[in-house]
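Naming follows writing order (A, B and C), and every chain is counted from residue 1.
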Amino acid sequence: MPVNRQLWIHTGKQGLHDITCRVADVVEQSGVEDGLCTLFLQHTSASLLIQENADPSARLDLENWLNRLVREDDPIYTHTLEGSDDMPAHIKTALTSVSLTIPITGGKLALGTWQGIYLWEHRRRGGRRSVIMHIS
Amino acid sequence: MPVNRQLWIHTGKQGLHDITCRVADVVEQSGVEDGLCTLFLQHTSASLLIQENADPSARLDLENWLNRLVREDDPIYTHTLEGSDDMPAHIKTALTSVSLTIPITGGKLALGTWQGIYLWEHRRRGGRRSVIMHIS
Amino acid sequence: MPVNRQLWIHTGKQGLHDITCRVADVVEQSGVEDGLCTLFLQHTSASLLIQENADPSARLDLENWLNRLVREDDPIYTHTLEGSDDMPAHIKTALTSVSLTIPITGGKLALGTWQGIYLWEHRRRGGRRSVIMHIS
């Protein structure tokens, strides 16, 4: 029996928000031993990302690097009505991903030792973000 | 019963081509209520992308931004026999994706309100592009 | 019956390592006629990528282009204890992907003619990399 679940994530500021435990809990409750967990973020100004979970400096550097690459108030932008952080957020989303598929083995997400699952909020103020989980 | 279907998309020029309705039609015809829709593009110079569907200026800015980042005729390129737009197309494909997985809930694609599905053609003249759909 | 399999890939140096045959062999042995093959890389300093399989110059240009975009020893980095190639490897992984989903049709991976599956090693010395395959 496939399981569909909606997770609501309150971000609140730009950056990487660890959702590994939220996702792992649903997987364990599902009772699926060997399967697939798909995550789909229903937004175009935030991303889902697998990243280094050990040292916060790696995530900080990643964020600073991408903020330098995709600048606010770039004169190339014409889509500016929704604020300086809106168009960069769409570009950052395009360069990363809104869906992730992770195998389930032995009843658990088959993440590597140093992998965490992050919701990467690209808007300065963040918001209430919806992730659809599908387990089968 | 899983459904496999091949969609042919005629692009014809560089840019984002909306394929949301084409994909949604196949999902609705499949009769699957709760499942997964996987899209796979069989090319290395075009991408599949979820992006903002409301304001065309966002898609235009995204395209202009990426064209500036991944320039034609960059002196770093040695793979130049297939035209000025070929190597940039491969790089753009690597920075985005050729596969998308979208949950199906209540018989419909679980897209967010502002999300559309786009085939992003990276070659100037485009072509006939093949997308393999798998629904289960 | 879903199949889970772990592939060990010995990289050994930076660059794109072709794993198409390794993956195709497991798919053919699985006996699945119409389904999905999901690959998940359990690391944060290497990626999985679909790319041009014909001309090695395309892959070389891709690698050189990304090495120029994501430089070693960038003064923006604070995460530097694991070597000059570590933080660039995390950024490159974020810009690409650690999971791929490819439909299976007629008992074979539904790859396009010019598509190969690559493990993109981002560390200079590479290592022993684990890919979890799920076929269903």
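As a convention for this text, a contact is a pair of C-beta atoms (placed from the backbone, for glycine too) under 8 Å apart; a residue touches a chain by one contact, two chains touch by 3 or more.
These numbers were taken from a predicted model, which means no experiment stands behind them.
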Cα superposition of subunit B on its sequence copy subunit C - rotation in ° rounded to nearest 5: 120
Interface residue overlap between copies subunit A and subunit B, same or different (over half shared): different
Inter-centroid spacing, subunit B versus subunit A (mean Cα positions, whole Å): 20
For subunit B, residues contacting two or more additional chains: 69, 95, 97, 101, 136
Complex contact set, residues of subunit A against subunit B: 2, 4, 38, 40-44, 69-70, 74, 76-79, 87, 90-91, 93-95, 97-99, 101, 130, 132-134, 136
Residue ranges of subunit C in contact with subunit B within the complex: 34-36, 49-52, 55, 57-58, 60-62, 64-66, 68-69, 95-97, 100-103, 105, 110-115, 136
